[in-house]
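A single structure is presented below for examination.
Letters A, B and C mark the chains in the order given here, with residues in each chain numbered from 1 onward.
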Amino acid sequence: MQRHLTITPSPHVRDRASTKNIMQEVCLALAPAGIASIILFGASALKLICFSVLTCVLTEYLYQLIAGHKSTVGDWSAVVTGLMLAYNLPATAPWWIPVVGGVIAILLVKQLFGGIGSNFMNPALTARAVLFISWGGLVASYPNTLYCGGVDTISSATPLALMAADPSQVSFVDLLLGNVPGILGETCKIALLLGGIYLIIRGIIDWRIPATFIGSVFVLFLLTSGFNFELALKEVFAGGLMLGAFFMATDYATCPLSRLGRVIMGIGCGVFTFMIRAYANYPEGTSFAILFMNVLTPLIDRYTMPKFFGEVKKNA
Amino acid sequence: MFGARLFPGGIHPREGVNGKAENSANPIQELPAVSRVIIPLSQHIGAPATATVKKGDHVLMGQVIGEPAGFVSAPVHASVSGTVVEVGNCKLASGATVPAVTIDNDFKDEWVELHPSEHPENLTAEEAQQIIRNAGIVGMGGATFPTQVKLTPAAGKTIEKLIINGAECEPYLTADHRLMLEHAGEIVDGVRLLMLAFGVKDAVIGVEENKRDAISALSDAASGIEGLRVQGLPVRYPQGGEKQLIYAITKRVVPTGGLPIDVGCVVLNVGTVFACDQAIRMGIPLVRRVTTVGGLVNNPGNFLVRIGTPVKALFEACGGTTPACKQLISGGPMMGISFKDTDCPVTKGTSGILALGKESIYPEETSCIRCARCLDACPMKLAPSRMDSLIRHERYDEAEKAGVMNCIECGACTYVCPAKRLLTQSFRMGKKVINTRKKAAAAKAAAEKAQLAAEKAANEKEKKEA
Amino acid sequence: MPKKDTFLGAFLNGLIFENPTFTLMLGMCPTLGITTAAMNGVGMGLATTVVLVFSNLFISLLRNIIPDKVRIPSYIVIIASFVTMIDLLMSAFVPSLRAALGTYIQLIVVNCIIFARAESFAAKNPPVQAIGDGLGMGLGFTWAITLLSCIRELIGSGSIFGLRLMPEAYQPMAIMNQVPGGFITLGILLILVNVIKAAIARHSRARKEELA
């Protein structure tokens, strides 16, 4: 009777969800956008995705080997970072761009700050920002899709830039399908929505962040454009907003813990995205808006911790 | 759902083999008496009872073998008739060593003379408290707090509402469910007697919606009794937590650090009420209880078992554990204690004995990924991941501010954690450290105060003399 | 670690053991601001060294005369005098370097290395050691920021001291020429320094145990 019995603290049943499951599901949710990018931009998209994912996984493995830490490559989080990084690059980027980016994301942003869950900014977005500042010409170019001029031609204007002049220049169907110039992962909104909604249904991401993020961008554009419904709707479907709102802003390590905090995060991202898009001279503000809110996350956490059940005002 | 409100957080823990679904169909069967019982004298929260028998004494069933030592304490009764062979110590499932009386059964089951109440429906509060105390009744949901203490509200507080806990929200456990099905009449009668004795006008029996048969059985029994109703509750762990149950039924929130009586409520388990009914109507003290044996055993069931019966007798009655069994649990899988030694006795608080497989063994802990699932699961609206990191960095003061003392150790956060962190364990440790420090600080302050007073007195004396 | 009460001891202490950049974390403003090219690092480092040596010397000489209550203004007067001299000399003889360093030269007046050494060393030690300390700290600062600027120049512009070292195909990483690049490089260098320090400590502990 007493063979192989063990003693452990309660509880003695655990949910099946694990870090690995969650990361795998995120990868699954990112897959449609990846497939769409390969269809839209061809083999160069596949090449960039492969380089990015491989670099991220290898960097994590090698760093932990050298530093003598336990390897966490098996939790798939490096794969998620790799995918996100690749999705933030244009199809025209040379192969070494995702390699440098992967090393920055995993080594500099993730591992040096304590590994999974401890990074203070989204690794993929930080890497993208570093690449953007370093090699602006290579990273901030927006190639046309195969079906609209060919990948070799760099678009003179992104849909966002075109829309700033006249929203009717951009077709809504093209925006949905992704047949517009842009970076790999951001163009096909149907694929992104599919993945995002899957994650929300599976309870992996909190709906509050994408809803408030996208909602506030929509409302702000609606208000400032004199209730131009078409413009506001197209602003929501153009650029990297969907990718950012569903996959980047919801990164566990860099978004607030409480529900209220997440609403603040979403609205903050929306406001900054709107401000950069409407008033700054960068074409796209999503990634910088998210990075900015990432840095504010500890502060938001500090002030939005839920009140205890039963907490009453101290009369003393 | 009949207007029951959902408490914040909560989870739906998964069941395994021979869980609620299978076991709730097994009627309560009486476990045959064993030849030797070991009855611990500390089966309740509070001071252990002091033994009133010595080696060689002949005892009758129901005879007091341990007198309560203090207000928060309870007497202990013999569950068999026979001869005391030892007054010593025994090990409980928790691993604690407590004083115990070992009795050899003579299998005659001679009862001590029982004193049923002569006017059960006209008891005063004091009489009822006395009967409950003498019967050794403690909270039978597992907390084992002496019941008569709960029913003795502090000055200035009155019992407005009696809440009977039939939630049985832990997975696997079906003992209360079977008790409600088979003894609905006695439970309702017990509630009625308590209502009459304590002048309570309003009582609610709360049962989770997944026990529809129990709800209808209790409703049938309760029909026509004024002020008593049966309420279905949403199925959500920890629905049976006192504060959660009170909120679900009355929408009242027990203040932090407060007791249910602060919002006019007393919560009693259905098993406790059944025991009270037995004590008042028939004078039978608490010597038996219903226990579920589930999980990886060959024939799971619900047993009426004598207090002090070694756990192994229960397993034998169930045909033993299956080879996949890796861990034995006393209590439910969420809050129960795992144990190895099957010689340990069944106590007043043993709501279940489970055999679990390898899924109950902890997977390796990994880093927190800040997914915030623990925040959503916490029924006390705490931030477990934050408290955990504070405690692990030994920042106890901040952890206390973050609310770790409010933790009810329900295990919901640990259940949902995808990084498999031992959150509940960390909080237990943190609470212990904080309590120890508080005690030390209080002792130090008292000592300083005493010294100060002594100095002052000495000074005054000097002044006077001068 | 050498004793600090000799010239050589004070010199080595500043150069290596209590390096102002890697150990004391002083003078971070120029460290991050001007280290985009190797030449800037050398120039800034040497300018600071000269000021540091002379200010240490004079503060040490006057240490028993300066009243305690007005010592900070006194230090500033002494330091600012030498900074002005250096500023004018550089403008006269190396105008391009002077232009590249911009306002950071004037900011030497409030550089914390100089203040820290004045307050914690020169004001308490005789002139010879004070010169040793100033020289050590100054050269320690110089080599540290030169190393930093070499790395930044190599990655950010593909060259060191203006000499192209990277192959033609290399595309310079522009972030290295900006302040974030300074933070990143300094951070990584600090990690390496700490790794080396930990290794040395381990090694010497092991040797001590062997001896014992």
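Just so we're on the same page, contacts are C-beta pairs under 8 Å (C-beta built on N, C-alpha and C of every residue); 3 or more make two chains touch, one makes a residue touch a chain.
All values reported here derive from a predicted model rather than from experimental measurement.
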| item | value |
| --- | --- |
| Chain-level touch network, classified as line, ring, star, complete or other | line |
| More contacts between chains, A-C or A-B | A-B |
| Separation of mean Cα positions, chain C and chain B [Å, integer] | 68 |
| Computed distance of Cα centres, chain B from chain A, in Å | 47 |
| Inter-centroid spacing, chain C versus chain A (mean Cα positions, whole Å) | 41 |
| Chain A-facing residues of chain B, complex | 7-8, 11, 13-14, 16, 171, 243, 247, 253-256, 258, 312, 315, 320-321, 325-329, 331, 333-342, 354, 356, 359-363, 366-373, 375, 379-383, 385-386, 402-403, 406, 409, 411, 414-420, 422, 424-425, 428 |
| Residue ranges of chain A touching chain B (in the complex, touch as defined) | 1-2, 4-19, 21-22, 72, 75, 77, 114-118, 206, 252-253, 255, 257-258, 301, 305-312 |
| Interface residues, chain C side, partner chain A - complex | 171-176, 178, 180, 184, 187, 191 |
| In the complex with chain C, residue positions of chain A that touch it | 100, 108, 112, 130, 133-136, 138 |
